[in-house]
């Protein structure tokens, strides 16, 4: 299968700093994320992973740094080619179908019903198409969020601990879809602190600790012989935050 | 107390006999308030949502002003609208003083801050939850505001009912700008005031009872519907 | 939805333009509350085809509204206040319409013992015995008249305010309601009193005295001061009201067989 070139890649971050009050939450983050594969951002709680992801997606404004996608600074038209799944599902108080169609409407004028039903089938929610999203279980809600994120065929898909607290069935579906969309050319950048999941999905690992990138290597290297001391401790479950 | 029974019998008598005058003032009351309410919602719901969801300079000041306007006495509103619509005032050329149109305008001035203020409070809670999604989807402002209103619709009913209650019960504003003119601008509340000053206390109280019954009926129906639909669509 | 909005706009538009063959009459409340307008306006409409929209407020407010040009015709009962109105050029002449009398009303047991006294002696008695007295205090014609009586006795009513002399600042009816509630005396025009319903055991003292005459005058709002006023229609209504024919109607208006208004 021929995959199209991802026109938003690579992502370059130069000296990203983020402060809240007097606390430095992100310090001098610089990196270049390549088009290929799934990049997992790993790190303990409170390391700044979610914040970093939100900065990449442009949910949080920052001034001191520059984030570029294919050498263009982040702007609305770039953000329109990205999607994000949040840690706790954000859904409109409407039917499952309308939640998807709302997102689709923001990208194109025409709502393709077939397309919506197809994506709902992928996340196994076809039987709940007219149900109000409020009534879904936690796993169903997050699957719906994923469906909404991928229906617009984003070039970059951000996931912020999308599978924490979910049942194995939902995790399995979500991970399967993440791999599929990645294979079809969507860059996936996901935050997790679940080591096993990182092992299952990651091609690259960005390991963040205390607001700094401690390590940015391929998954193979990270899990076999991590270079940083923090990385070693984290894998062993001994990193004290 | 005899007057209670008197008023209740008078009220029943007025309703059962479909008293022509009663019907006239009753429907004018609702016509004026419903139109004022509709226009206030048309402006107030988006305005309140805008204030709840957007951050800009002077926002807090604006919210503060709107919240204070909620407690404006109707008489002051009436006087303000009167001064503007008076033939010697800036909008005198419209020639709408002492017409239902003037009463509608006065009630909009009264109701709009209530709708906008309560909407701001209601939508603010939702905004914390939804904001990231709309930013992520790069949703245009107008669409965002519409989505907030649609999704908070059952909570917003409370704001609309508060507006209705204010409009239907106030007398201070409509009596000044409407003039309580027979067959033209006489509504329930101004009739009650007039009958009181004629010493027709039981008739005045009877009209009050009819107004109360109507309010209770509307509120019960809407509240019942609201929770019914809310259960169906929102759960819990 | 859109249709609804459009129909509202049309409705607003209609209510804006509908006031063609009608005039606004700024009037004192007593004429409205006594049922005078309910009785007389249908005759005017029948004869002239003019709809008279009555805004009933206190004389002071009626004059102020008229000075803002928010009326075409003015009917009030306070010669001194009318004088100021005319001096300001808002009306050329006061046209006599009818008259009746002011009265003092109070509880039947008569705590101040004023039965058989004329009005001035009664007022003196109120002062001496500090009997509760309720005043309009709203700058209306009745209020003005009452203040004039105190003045003619060299008594400054504002000095004994609160103690036993209470000003309600509201309409005649509301003031009588207060008086009835407090078992106090009050000063009112006779038409309002006769048609008032919540009298309990209250009765009239000091009646039909010539110096208590209560004259209702009409004024056409000056075209010069208020170019928008419906001068011609107001004039037709006024000449109807001052005609011999209408006098017959006026003297026939009765409440429980008591005549409300008189004509010269």
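Chains here go by letter, A, B and C, matching the order in which they are written, and residues are numbered from 1 within each.
Basically, a residue touches a chain if its C-beta (ideal position, glycine included) is under 8 Å from a C-beta of that chain, and two chains touch if they have at least 3 such contacts.
All values derive from a computational prediction rather than experimental measurement.
Comparing the centres of all chains, each the average of its CA atoms, the largest separation from subunit B belongs to A. Per-pair counts of C-beta contacts peak for the chains B-C. Subunit A and subunit B have CA centres that are 47 Å apart. Subunit B and subunit C have centres, each the mean of its CA atoms, that are 33 Å apart.
Subunit A and subunit C, compared by their mean Cα positions, are separated by 78 Å.
Residues 57-59, 76, 79-80, 82-84, 86, 90, 92-94, 102-103, 105-106, 132, 134-135 of subunit A are the ones touching subunit B in the complex. The residues of subunit C lying in touch with subunit B in their complex are 4-5, 8, 11-12, 15-16, 18-19, 24, 29, 32-33, 37-38, 41, 53-56, 65, 67-70, 170-174, 176-177, 195-199, 226, 228-229. Against subunit C, in their complex, subunit B makes its touches with residues 35, 38-39, 42, 86-89, 92, 94-101, 104, 179-182, 184, 194, 196-201. Those residues of subunit B lying in contact with subunit A across their complex are 129-130, 132-133, 135-140, 143, 147, 150-151, 232-235.
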